[in-house]
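Structure record follows, encoded as structure tokens.
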Amino acid sequence: MTRDRLTAAAMLAPSVILVGIFVYGFIAWSVRVSLSDWQGLIPSYNFVGLENFTQLIFHDRRFHIGIRNTGMFSLVFLGGAIVLGLMLAILLDRKLPAENLFRSIFLFPMAVSFIVTGVVWRWLMNPALGTRMSGLNLLFDQLGLDFLVNQWHMTGPPWGIAFIGIPAMWQMTGFAMALFLAGLRSIPEDLREAARVDGASEFQLYVRVIIPLLRPALLSVVIILGHISLKIFDLIIAMTGRQIALDVPAIYMWTTTFDANNFNRGAAIGLLLLLSVAVLVIPYLWYSRRQETEL
Amino acid sequence: MSAPAVAEPRPDVLPRRPRTRLRQVRKRGLRVVGVAVLVFMAAFFLLPIYVMLITGLKSFQEVSLATMWNLPEGLHFENFLAAFQALRPNLLNSLMLTIPAAIGSAILGSFNGYVLSKWQFRGSETVFTLLLFGMFIPYQSILIPLVQFMQQINLYGGLPGLVLVHIVYGIPITTLIFRNYYASVPKELVESSRIDGADMFRTYRYIMLPLSAPGFAVVLIWQFTNIWNEFLFAIVLTRPASWPVTVALNNLAGSQIVEWNVQMAGALLAALPTLIVYILLGRFFVQGLMAGAVKG
Amino acid sequence: MRNRRALALLAAASLLVMTSACADDEPDIVDDEVDDIELDDPEAAEYDVLESPPEEDAVEVFTWWTAGGEAEGLDAMIAIFNDEYPEYQFVNAAVAGGAGTAARAVLASRLAAGDPPSSWQGHAGQELIGTYVVAGQLEPLNFLFEEEGWLDVLPEAIIPQISHEGNIYSVPVNIHRANILWYLPEQLDAFGVDVPTTWDEFFAVAEELEAQGVIPLALGEAWTAMHLFETVLLGTMDVPTYDGLWDGTTDWGGPEVAEAIEVFDRVLEYTNPDAPTLSWDQATQLVIDGDAAFNIMGDWAAGYFGAQGLEPGDAGYGWAPVPGTDGVFQWLSDSFVLPVDAHNRDGAIAWLRVAGSREGQDAFNPIKGSIPARTDGDRSLYDEYLLSAMDDWETDEVTGSLAHGTVASDAFKSEIDTAIGLFLSDRDAAGFQDGLVSACTIAGPC
């Protein structure tokens, strides 16, 4: 038994050490910077307390807009990708024709970088109306779907940012599908058979038996897409050319750090993002673990 | 100890016997609806790709918002050639970066996932959470200490350093995916292996690893795509000779005039290797069925 | 129970004491590893793997000239360098860049790690001074200017604008002009309007254009709005007042700025509503397509008109100073610097010599589509637009650009950018002016 424990320790050790340095070591650095007066290129670690944080939380309008936008974006992006991804995975799992082809198509957007995605969708979602109509609006117009023509992300706050969730969904739904599909394929066939023999309809089979078994996959999807959502950055820049109305903290952090050299403010934004993760995601993680144990 | 378990169907969900004929008709109908949905979704997914493709084939003068749906007037394959020439020196760098980094982080993730799902100990939840939490670190805010640290350990500037960084920041995700994947593997398998006298690593090697194909497929798809497309670490941590393809792709755009046709052609070219990975790995999802089969 | 403790530990994680806390009270097999989480010493991760240090004779130069005419111009300059200084190996570390792109992060992180490139490109003026010079990262170049006699061939007026406390810190290689109003003469005839020379004339013309369903002024994404704002500032006040904004002698809270904001607000009413989603060249394209009558953009737009097959002149594209800025040349310049502790300092200086030479500038600028910073360029190499710019450069009053780094430090510019961005979304003029005042207090000279 002791040998097994040593083996376990040996298997974990490289990861724990590396993550310790590259994550927690650097977080420590960020904490130190966020409590300092470091602006400009010369590092300066004079302690100023929580000033950078209070400034952001209580006085910074741009930061407030960013928080609201991130919330709205995450909602649309995560919700959409989970629902669509699950639906596609279930359909593909039903052994419909051309499964391989469809799977590759749905995964393909992932192969394109967010910057390119942003540019293409910026064209597709061009909000100009009238004679200058183009992109999807033009397509809708010509297909007689006029009621779908809209201003996309130029719709005023708070809905504008929600439309940016669509390209993100487009890009990441395939991955959600892949995770769900792997989960579905690891569910033993005899479980399904047993349920069918007992007379469950296909619908009941999914709702009562299969989807609950996908909880671990769902957890992975939520966390992985969630971390993308919080850090989303290049997609929004490529789509919006950095409008304040569509700003998010990750963009703010970048500009204030590297365009304005306010390293202390940048570090403070980074830590606030991390804290929000700790507050939002980890209780869910715990709750979800408990559910799993009870099952 | 919270042992992950595969749930048995609950007895209370089992309803009355259905009428079989009706069910078969309905089943066929559902299949048609299912295929229709797939086709519609595929169109939605391909639309932007279509725009990229036709833009990539246009001449520079033809590219404009007003005419974005128009087919190109001539097929300007020279855009692809121009893009390929600009990207070629960096493609090899990308392969030398992506393959070891994806495999390295997948292996570590698989180790961690195995230990944390099947050999839980006091504090294993904490270790898991700590590892996972690393995923959320905003990379932009730690570039400075990262560069400093890489210089201190003499790994700044070349590919080995970049490989290491991608392995490290891949650990949270690969650990999460494997841990959750292994959680759905029946614990009886591990227990029977232990009763047979196999030690921990042998159980991993001979029981878990053979069942891991769908897990590895997902993890490698994720890591390969992500590392292949990753730009920020690449540009900050390597010198020009080691730049991967994303940096070259980014450099196709100037600061003033962007030739969108060449840009789109380049983006499609750069996405090809990932596409190949999807096609190759996609079939391993199917092997997941075997994981279930073993149980019976 | 376990969960509660774990949650407590998580809270601790955010405060970063968690690693040690965990190791202290849990005598588990992971103890040793958890301890390692704290490790700060690089010894623990000593990898003896190949790195790629730059060669001794390498001259590594950062630019954001990666494509199109700018990259070709750079190549032409590199060719001259290779001819004249075969003893050095030029490493072209061009990264597509500008504000908000990775180029800035690369430079910042390398400077922080004490490993600057041999030389890099920056906008001459406060972008370099306010960021790098005040941080002590750049060497003064007075000796080089004297050796090469550059003080005699550069316009006198720009020397103070690229100097700090009497020292010159960068070698300008080209000049662009920011305050240009672009149009197609044939289209203006068709619309029946003239080129406005004041903002009042502009508003009159804009009304006529709007009545015809034409967008009076094509605008693009956020930075082009800042570009527009700086030309409006310049167009509504005289040059000394405008210059005073950047050294603290003009009050941002004063009536001049209030008037500029009022004009800016009105001008925005005549722009395309989808502006934030267009890149600058897509905005210029609106003029080419006849959807819009005018576009205010720097003179790199001439290069775009050319790439779209238009020639300068009545049958092609036309230009005029932005309303209210006649006789003023609002300039910006790409320039190269010499970092303190430059890798291969001699090689870096050799590069600067090429960048400042007549031969180098005449090789670079005609291809890039800008005029040489030197006033002795070979006029036979430049096209009609550039020739007119060269004339203006010699005769006009010169003042610097905000959006392109001449007059404000990065930090100041970034605060102004935020204020403009907020104004674009809420159009609150008073709030905008307050924002500008506090931008100047927080990060500017006020």
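Here the chain labels run A, B and C in written order, and each chain numbers its own residues starting at 1.
Everything that follows uses one rule, which is that a residue touches a chain if its C-beta (ideal position, glycine included) is under 8 Å from a C-beta of that chain, and two chains touch if they have at least 3 such contacts.
The model shown is predicted, which means the values in this text are computed figures rather than measured ones.
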item: Of A-B and A-C, whichever chain pair has more C-beta contact pairs; value: A-B
item: Identity of the most central chain, Cα criterion; value: A
item: Between chain B and chain C, centroid-to-centroid distance (C-alpha), Å; value: 37
item: Centre-of-Cα separation between chain B and chain A, whole angstrom; value: 14
item: Chain A and chain C, separation of their C-alpha mean positions in angstrom; value: 32
item: Chain C, residues touching no fewer than two other chains; value: 6, 10, 13, 19, 29-30, 34, 37, 45, 105, 108, 112, 279
item: Multi-chain contact sites of chain A, meaning residues that touch two or more partners; value: 5, 8, 12, 16, 18-19, 21, 24-25, 27, 126, 128, 132, 254, 257-258, 271, 274, 278, 282, 290
item: Junction residues of chain B, two or more chains touched; value: 65-66, 121, 125, 127, 129-130, 133, 140, 144, 146, 149, 231, 250
item: Contacting residues of chain A [partner chain C, same complex]; value: 5-6, 8-9, 12-13, 16-21, 24-25, 27-28, 31, 39-43, 61-62, 122, 125-128, 131-132, 153-154, 157, 237, 239-245, 247, 251, 254-262, 271, 274-275, 278, 282-283, 286, 290
item: Parts of chain B lying in touch with chain A, wherever the complex brings them together; value: 2-10, 13-18, 23, 27, 30-31, 34-35, 37-38, 41-42, 44-49, 51-52, 65-66, 68-69, 108, 111-112, 114-116, 119, 121, 125, 127, 129-142, 144-146, 149, 165, 167-169, 171-173, 175-177, 180-181, 183-185, 199-201, 214-215, 217-218, 221-222, 225, 228-229, 231, 246, 249-250, 260, 263-264, 267, 270-271, 274-275, 278-279, 282-283, 285-289, 291-293, 295-296
item: Of all residues in chain B, those that touch chain C in their complex; value: 60-61, 64-66, 121-127, 129-130, 133, 140, 143-144, 146-149, 151-158, 160-161, 164, 231-232, 235-236, 238-242, 247, 250-259
item: Chain A residues within the chain B interface of the complex; value: 3-5, 7-8, 11-12, 14-16, 18-19, 21-27, 29-30, 84, 87-88, 91-92, 94, 96-97, 100, 102-117, 119-121, 123-124, 126, 128, 132, 134-135, 138-139, 170, 174-175, 178-179, 181-191, 194-195, 198-202, 204, 208-209, 212-213, 216-217, 219-220, 223-224, 227, 230-231, 233-234, 250, 253-254, 257-258, 263, 266-267, 269-271, 273-274, 277-278, 281-282, 285, 289-290, 292-293, 295
item: Complex contacts: residues of chain C adjacent to chain B; value: 2, 6, 9-10, 13, 18-19, 22, 26, 28-30, 34, 37, 42, 45-47, 49-54, 60, 64-71, 91-98, 102, 105-106, 108-110, 112-115, 279, 281-282, 285, 289, 300, 303-304, 307-309
